[in-house]
Amino acid sequence: MNGTPSTSNPSVNPGQVPGAIHKDPDMVIFGFWVFMMSDLIFFGVVFAIYITMIGATAGGPGPRELFDFGSLFAQTMLLLTSSLTVGIATVTMKHQRSQASFLFWVVVTLILGLGFLTLELYDFSQMAAQGGVPQRSGYLSAFFGLVPLHGLHVSFGCLWMLVLIVQICKVGMLDIIKLRFLRLALFWHFLDLIWIGIFSVVYFGGWVYG
Amino acid sequence: MANKSGYAAHLRTYLTGYVLSVVLTIAAFWAVLAVGRENKSVLILVGLLGVAQLAVQLKCFLNVTTQKEGRDNLALVLFSTLILLIIVVGTAWIMGNLAVRMHTTM
Amino acid sequence: MNEYGWLGKLNWDSLVFSKLITDPSVSEFVASTAGSIVIIATVAILGLLTWFRVWGTLWSEWLTSTDHKRIGIMYIVFALVMMTRGLLEGMVMRAQQAAAPDGFLYADHFAQLFSTHGTIMIFFVAVPFVVGLVNYAMPLQIGARDVAFPVLNQISLAVTVASGILLMVSLVVGEFSTGGWSAYPPYTGGDFNPGVGPDYWIWAIVFSGAGTTLTGINFTVTIIKCRAAGMKFFRMPMFCWTVLCSSILMIFAMPPLSVAALMLGFDRYLDFHFFTNDLGGNMMNYANLFWLFGHPEVYLLVLPAYGIFSEVFSTFSAKRLYGYKSLVIATMSIGVLSFTVWLHHFFTMGQSPTINIVFGIATMLIAVPTGVKVYDWMATMYRGRIRFTTPMIYSIGFLILFVIGGLSGVILANPTVDFQVHNTLFLVAHFHNVLIPGVLFGLLAGYNYWFPKAFGFRLNDKLGRWSAFLWVLGFMLTFFPLYGAGLLGMPRRSFSYMDLTFKPYMLVAFVGAMVVLCALISLVVQLVVSLRDRDKNRVPVGDPWDGRSLEWSIPAPAPSYNFAELPRVTDRDEFTEAKEQGRAYLAPKVYRDIEVPKNNPLGFILCVLSGILMFALVWYIWWLALISAVAIIVAVIASTFRWDSERVIPASQVQEDTEKWLEQVKKSRAVGRDLENTPANVGYAKLEH
Amino acid sequence: MDWKVDTPMGFSQNFIQFFRWFSHFFPRPVLALPVIILFLLNANPTFASESFLMPLGPVAHEQKTHFFWATALTMVAVLPVFILVPIILFKYRRKKGTGIYTPKWEVYGPLEVVMWGVPFLVILVLSVMLWRATISLDPYEEIQGVVPPVKVEVVGLDWKWLFIYPQLEIATVGELVVPVHTPVSMTLTSDTVMQSFLIAALAGQIYVMPGMTTKLNFIATKLGKTQGENTQFTGKGFTDQKFDVLIKNDEDFQAWVAQVRASGIPLNEDTYNRLATRTTREEAHKELATAQMPAQAIYFTLPDASLFQDIVMRYHSGKPLSIEEQPGTEKFGRDKEVEGAQP
């Protein structure tokens, strides 16, 4: 594996990670991209199901009754900002700023992610209070099949971040950890992309057509 | 993004992406709330804004570019998008048609 | 959900044997026998392993191995075990239909048979067999040391095996789904099927599907990023192209299946309404999702087989593969087109003719690239020197028979005709006609072809040819009558029928199934005889067939690091060129240390834990499910704390191995192809042209 | 070994040699098999009438024609394989083969064109045929006849078909009677799982699904009797879910209607619920039929013309349907009694 690392990739370019890495970084990152694309299809399929089920409220509460755009906006901003902070962390790592500043940005990202999750859960509980539970209708099943799926990904990202923080505190910034962080950053950005789809299609699309 | 390798330049890329995304998001929210749901064509606008934001984030956050080194990724993303479109559009078409043809007596 | 005790739905009545006690019928007897076989076989295997004290070796050489070659072999062994069950089920079904109208099985039992048979054959025979062969051969063909992510590879195997074991467990505890391999709701929904059957199906599919997706990612990255220097895309062996395409299908086609199965699970477990009758559920979505996966899936299986045939035709015709570029283009078009045709599995759902036309024509279009492939293989043989070895017999059988299967596929692609023969035995005949001559013959050809590379000795060719003939014959007898019965209107999945018109067809098919059984037995005999004669048939030099691609340029069996020095590729038929230009069997200029991944117990641990998790979910044993789920997460996290995952094979060792082998090459006599199947063939091919 | 380069050989000699060589591949006992097969297939030469190969109306007839055409056309591209493969194998076999040997030959432009072109043309022709046939045989399209169509509402139950004739205010199970030369316009639904409705001799199949309706249109042009069925596996009683289809002339049809009216029991909520439990046609017959009804069929009068509508709307109430209210489940109606239904 004779990876000459690419250099054009300012955010996730592993080429500038110094020291020997057992694996060709280029290959590892590409592998993660492929995984994300598979995940993208996974999401895409659930989106498709949601679209076909927008009308299937079966007399239960629909988007008009359930959606809270204020909270939605807050969630969107939290996630978007966390995408920025994870990016800043990447840049600090790449340019070998201090480990403390790197960790700072990771922790900020983590907090923003958790904030997003809290708001989302709160939203769900509000919906449930109005009878908006997945058992109520096909539409709500589709909603709760999709949005929490994204939430689950975010929680997974948070867990990943936690593990990385622990590992960094234990052994410092090994190359292998940097490579892991680069993948985490990709993942996090990817979740933000999915979120654009969610607020456009699930919330706005549902609200307009529901 | 003149100096591609500098710390500040990298940061600037992210900040640009962030600001653009925020603007596009606010625009989408504003469009929906201002126009309301009676005018369904607002969704076209929302869709366009969404696609724009996807492009911005892909470029500034995920650095998918047409440059030589990023081609593998770009090709991958384009191919995935093609499959995604086939799946989503196909499903919507089939299911939409079936929904109409299955409820003609109701 | 608290209506069950701490063992969930599990109790003594769940055991298959207790049903035999309450109802001593033939059907239950057959079921109990099957259950006993599973138990006895398990005990016997465990016993034998202990007796021969091979646990240690098994653990250190196999279960924890991350070597792609070993993982490949384990995949294949697993596939063969599952296949035995699938085949026997096929036999029992044929016997039942031959005996109808007074069969010996209950309807439900028959339904479990075709459901498990279909599920097993597709997900646990064809897929692992393909993945196994690819694992073994592809990295060697592209001149790599391993796949891109060896530990991931191990994990894929682990979850696949765990799901397979779950399926085996369903023979003993509880029952399997009766909904067919496609498991359409609402029939498989909670209202109509409150038992554990569909749950077994769901979890087996979800976990093995995850394994397959990961495999697809792994293979794709391997092919794109790990090729040897100089191996441009258009210098890859054809097999690698088909694998690339098939891996892409795995990446993009598995998600819809996982989504469909999970949503069905949500409906069943949590009272969601994705596919239910009431409250806005829509079962059509399921059909749509399932076939979004299902159609690419069948090409996922057949493409690597096409690749194997390409290798075999060119090797045993001693000729370059004809129309390489055409074949690549054809492969890629099949790959893309396969995402555009899924609706042909439900032409009869009621959508508008326009939609049926679009999908019908898209389906037929696939015949064009496939036809090109068929013609290219013929042109490969044309002006060659064809040797009728076992792999070649399979390939020729494939060429003739597959075309018939493809033809019936094209007929099915006409919505108007499909309206009539959909869900009939005509369809069953079609898909066995493409799956058996297409996929299975390909796998068998690959098995005979690469066996010497993997184990260092050739399989008995005479017995191999016998079994190939029996396969061809048995296949024709078993499945051609089904075309007739289908045209006459016999529905698939019929455990019985009153119309005696069908009887003769069923009898012929039964005879055929017996021939197939003989074919299978002859395969086993071939293996046993070859094992007995292994010392006579060793091919240590590594090139028994005058091979054309890189895997033949190294010793057999291949060393764990594959290549002492990674090759530099200059031609499509690299090894043939090397032999002709005298570049073969040269010592590397320098020997270097080689890093390979260390053994890793993670795969095994995940296999056990995911097996427990699935079982707990099937039986509603929530505490156990929770514990095993948490344990899985902990195990994965813990494994990320291993910092040194590589082991170094010192240059001295590489040098010693290689020099020993080169010595052997010097001592050996090169043989011409006429002596290919004699003990004189030690894997050193004489230049003949 | 030396290679004869294209030795000229007499054609017939070549041919005989070819066959001798070809039969080499099959051991003796194998040659006896065709005889056995022919014997078995002749054991019962009756041709099932439940097949579109014996059509009773134009829809199935066209499907049959299309089937043969599609097969024939596909043959154009497939036959060369059957013919050429043995010849190539014969001529270029390593031992005693007579063909020339060109190990590096790998591409030839004109051949490529043929290889891509021929299948493409065949598919082009097939596509045009497919297009036309699919449009003309759209099952939703009402058949234009001289007389207005008979409307039939079909309900798939476990494990029988219920036919409602709303205009005639009758309903049947196990027997569908249609007048000859009269278009039949069916609307179909299911009151259990998804099923697939097929009368092969008259028209292709169509799925039926709960809460939804599909359509099927056909016309019978021959008097006679055939069978219809469900082809989608639905459990225990699946293979018994058949019904007779009788095509009668107008008079006989009217007589039959009269008979149904006279002997039918009312299809009210109670009878419907008993019908909709998990029973085979035979069991339902035992339970519901009276002595005046034929052995296979149950006749009903239709007090409530909106029955079909109600069945469809069962799934659109906006309220959850408990398992006890869902026809086709074990728990619906009488829970016991279905035991013992074994082959």
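Per-chain residue numbering starts at 1, and chain names A, B, C and D are given in the order in which the chains are listed.
Note that a residue touches a chain if its C-beta (ideal position, glycine included) is under 8 Å from a C-beta of that chain, and two chains touch if they have at least 3 such contacts.
Since this is a predicted model, take the numbers as computed values, not measurements.
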Weigh A-B against B-D on C-beta contact pairs and write down the one with more.
A-B
Chain-centre distance (mean CA atoms) for chain A and chain B, in whole Å, is 15
Please compute the C-alpha centroid of chain B, do the same for chain D, then give the distance between them in whole Å.
45
In whole angstrom, how far does the Cα centroid of chain B sit from the Cα centroid of chain C?
38
Name the residues of chain B that each touch 2 or more other chains.
72, 80, 83, 87, 91, 95, 101-102
Would you mind listing the residues of chain A that make contact with two or more other chains?
30, 34, 37, 41, 44-45, 49, 52, 55, 58, 60, 135
Touching two or more other chains in chain C are residues 224, 252, 256, 278-279, 282, 284-285, 292, 349-350, 352
Quick one: label the inter-chain contact graph as line, ring, star, complete or other.
complete
For chain B, which residues count as touching chain A in their complex?
1, 4-5, 7, 9-11, 13-15, 17-18, 21-22, 25, 28-29, 32-33, 37, 40, 42-43, 46-47, 49-50, 53-54, 57-58, 61-63, 65, 67-70, 72-73, 76-77, 80, 83-84, 87-88, 91-92, 95-96, 99
List the residues on chain D that touch chain B in their complex, please.
140, 187, 209, 212-215, 309, 312-313, 316
For a test of understanding, state which residues of chain C touch chain A in their complex under the given definition.
144-145, 148-149, 213, 216-218, 220-221, 224-226, 229, 251-252, 254-256, 258-259, 263, 266-267, 270-274, 276, 278-282, 285, 289, 292, 595, 633, 637, 640-641, 643, 645-646
Where on chain A does chain B make contact in their complex?
6-13, 30, 33-34, 37, 40-41, 44-45, 47-49, 51-52, 55, 64, 69, 73, 76-77, 80-81, 83-84, 87-88, 91, 94-95, 97, 186, 189-190, 192-193, 196-197, 199-200, 204-205, 207-209
Spell out the part of chain D that touches chain C in their complex, as residue ranges.
1, 3, 25-27, 30, 33, 36-37, 40-44, 46-48, 50-53, 60, 62-63, 66-67, 70-71, 74-75, 77-78, 81-82, 84-85, 88-89, 92-95, 97, 99-108, 111-112, 115-116, 118-120, 122-123, 126-127, 129-131, 133-135, 137-140, 192-194, 196, 198, 200, 203-207, 209-211, 214-215, 229-239, 242, 315, 317-321, 323, 326, 328-330, 342-343
